[in-house]
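Shared chain: chain A. Partners: chain B in the first complex, chain C in the second.
This part shows the complex of A and B:
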């Protein structure tokens, strides 16, 4: 199989990630629950992972790295834990349903007012729109770092300056960027940066989390056992415990920790350069094929390793199925949980076929995928 | 190490569970996201796990098995998703903070009224108390299947009859029983049965879930991407999707599925018999040692494989540390996230030392633990 659906999940993991999970399943007890050797090993594994993630993503304190089971959970915690009834929130057309649906629910049930920065037909936003839409009562800007559909990016440092001027929080969805390009929450100016473990970070499913700027107050979504302050009726106030009720997935976190080691060994710049080169090679190969329509802006200086396209007037599901069945190439058709972005691109009716690349893809695979697209477009 | 902290997490997993996770990490894409072979393999893996869990726990429909990252998440979804402001709820002194803290939060923030069925000094409840406390406005009875501190059980079939007469939901915390003894949600009469994957079910951390009776309406705690109905602004209404936003932990679920296979091969009755015998052997060995105080009721016909004790007036943490450091025996001291139960037993000041057993423990390990307790009590 040629796996080109890395924006959904990276199927190929570094061998040491799988080994770390297996080793953890042989040796770890329950993190932060008692002081027996297995429990301490689990606690240390989790803490080391916090330190590594903090360093990778520019989070000043390891204790401000909160683990969740995926970025959807992190985004739900961030959005529901900071926004109050009646608040105004800005978001964008680039968002995934993991941002949109929590916001729409707050709009419907809590009287939260939403404004969306539109994307143009290439999927780009205008920063002027953030300035126009922001208001004194804007509580938060919830913003994608990169579209999971086109790979197009938002300059978050620019957005954060606009947000800060009005005292609004910047909540970032880094699901498509963490592990793939340098991400530094301080440099960005993010107050909360949500990430997932199983995409660019090359870790196991069931991992993810959020990095918090010091001083950000977030109400927990889930409460429960914490192994500390057990006689308090309420969730402890200290991070990360405040947002981490119940047994952590230390098996998965051990794998995520090994994945961060792998990324640091290769170097995030080398990963970014390779993925970008693969994406560019694919784009050059398919963009001039007659009948192929490519979505998104390829003139930008930085973009993620994603190419979304359609072939003639074919349904994206049919094309993706043919790629899978005839060529054994895995892609993702349909809506990609990004309804506003498809509307901006005009692809809401038939979706698009998304090719997304990882460190483990090869030029030969890219060339095979180009050949397949050319044949289908004939 | 002699690992006797299985009520916190089962450190020893069947080898095929670890193999299944490793295999999944080599081959699975993102469940319910597209139709490429990796994605379909993930979808099938998850569905098979639903079927097996449904069969094991007596849930009539596989689609009514919802996966979460642990039982704390399942309980938070169940409690926050069914109880409304002003409702009355009955719970018990046997509960874990994964039940207590969500309830206390509803009490503090939503005006929910709570009544607790008390436990006596042996940790037992009186069923009369459920009958006395239930009212026409009782929305739910949230009830432990077995205490994580003493191993004492609640006869849920009796509780469900009382709840049903008043039209109240029965929400069950089966964290300590699923996988250890036969659990049948239909026989019990549970409306929602919450379980964790990493304890008696012998699966990976990061897994758990809830089994739903047909017709129970639960509002989602998290909303987001579902891979289906992506143009709907709101979470799909169908179970399990309604309660499963974001990428599922199909790696962990593959392990949980293999763990259920293991449990079915051994037979749940054989597992229960062995664990009970180990618990009885330990109890017989330590209960007559001078200076040892055992908590809980050992005359009950059925109880879980847990023995909580203290030695003389020693702090439970000091005893557990000595067991760990001198004898390499893992136990759990302190509060066990069960504050009301410790208050009922009169152990809130120094906690208790909890020994909890699994299928993988041996009689030789039990005898070594008895010897250690005897020496410490000297």
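This part shows the complex of A and C:
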């Protein structure tokens, strides 16, 4: 199989990630539950993973790395834990439903007012729109780092300057960028940066988290056992414990930790360069084929390794199925949990076929995918 | 049960801080180990750093250097 659905999840994982999970399942007790050797091994494993993630994503303190089961959980904690009834929030058309649905629910149930920065037909935003929409009562700007549909990016440093001037929080969805390109929450100016472990970070599903700026107050989504302050009726206030009720996925976190080692060994710049080159090769190969419509802006100097397209007037599901059945190429069809982006691109009725690349893909695989698209378009 | 002796016990608000302390001590070859927090102490974190009394200054210095959030420092017969 040629696996080109890495924006959904990376299927090929470094062998050391798999080994680390297996080893953890042989040897770890429960983190933060006493000082027996198994429990301490788990606590050390989780702590080392925090340190590594903090370094990778530019989070100044390891205790400000909170583990969750994925970006969706992190974004739900961030959004529901900071935005209050009646607040105003800015978001964008590039967002995934993991941002949109928590916001829409707050709008419907809590009277939160939402404004969206529109995307144009190429999926680009105008930064002037952030300036126009921001108000004194804007509590937060919830913003994608890169679209999961087109791979197009938002310059978050520009957005954070606008947010900061009004004292609004910047909550970032880094699902598509963490592990793929250098991401530094301090350089970005993010207050909360949410990430998932199973995509570009090459870790197991069920891992992810959030990096917090010091001083950000977040009401926990879950409260419960933490291994500390057992006689307190209330959740401890200190991070990361505040947001980590219940047993952590230490087995998965052990895998994520090994994945970060792998990424650091290769170098994030080398990973980014290879994935970008594969994406460009594919784009060059398919963009001039008659009947192929490609979505998004390929003139930007930096974009993620994603190419979304349609062929003639074919159903994107039928094309993806043909790619799978005839060529054994895995892609994702349909709507990509990004309804506003589909509307901006005009693909709400048919969706799009998304090709997304990872470090483990090869030029030969790209060429095979180009050949398949060319044949289907005939 | 082991015979009790006077020990230095350092407590923390979070497990993360306790783990940071262990790492800091290992890196500096400072004595001690993580133990369950003794019942004489009420503290946030369920584990504490237990070490000989005479290492107090070095341990407090290590915690300070690493920005570790210490909740309390005790001398206890344990």
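Methods note: the second predicted complex is superposed on the first by the 378 of 378 C-alpha atoms of A that agree within 3 Å, B and C clash if a C-alpha of one lies under 4 Å from a C-alpha of the other, contacts with A are read in each partner's own complex, and residues count from 1 in each chain.
What we mean here is this: a contact is a pair of C-beta atoms (placed from the backbone, for glycine too) under 8 Å apart; a residue touches a chain by one contact, two chains touch by 3 or more.
All values reported here derive from a predicted model rather than from experimental measurement.
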| note | Of chain B and chain C, the partner touching more residues of chain A is B
| query | Between chain B (first) and chain C (second), which, if any, makes contact with A:214: first, second, both or neither? | reply | neither
| Partner chain(s) touched by A:240 [first = chain B, second = chain C, both, neither] | second
| Which partner does A:34 contact after superposing on A: first (chain B), second (chain C), both, neither? | both
| query | In the superposed arrangement, which partner chain does A:227 touch: chain B (first), chain C (second), both, or neither? | reply | both
| request: Determine, under the contact definition given at the top, whether A:75 touches first (chain B), second (chain C), both, or neither. | output: first
| After superposition on the shared chain, which partner residues are touched by A:43: those of chain B (first), chain C (second), both, or neither? | second
| request: Give one of first, second, both or neither to describe whether A:62 is in contact with chain B, with chain C, with both, or with none. | output: second
| said: For A:157 in the superposed arrangement: first (chain B), second (chain C), both or neither? | reply: neither
| When the two structures are overlaid on chain A, which partner does A:84 contact: first (chain B), second (chain C), both, or neither? | neither
| Once the complexes are superposed, what residues of chain A are shared between the chain B interface and the chain C interface? | 33-35, 227, 230-231
| remark: The residues of chain B that touch chain A in their complex are 1, 3, 5, 8-9, 11, 13, 17-18, 21-22, 25-30, 33-39, 69-73, 75-76, 96-102, 104-105, 108, 196, 198, 204-207, 221-227, 230-231, 233-235, 245-252, 255, 317, 320-321, 324, 328-339, 348
| request: Over in the complex, which chain C residues touch chain A? Could you list them? | output: 13-20, 22-23, 33-36, 42, 44-47, 67, 69
| In the complex with chain C, residue positions of chain A that touch it | 31-35, 40, 43-44, 46-47, 50, 61-63, 227-231, 236, 238-241
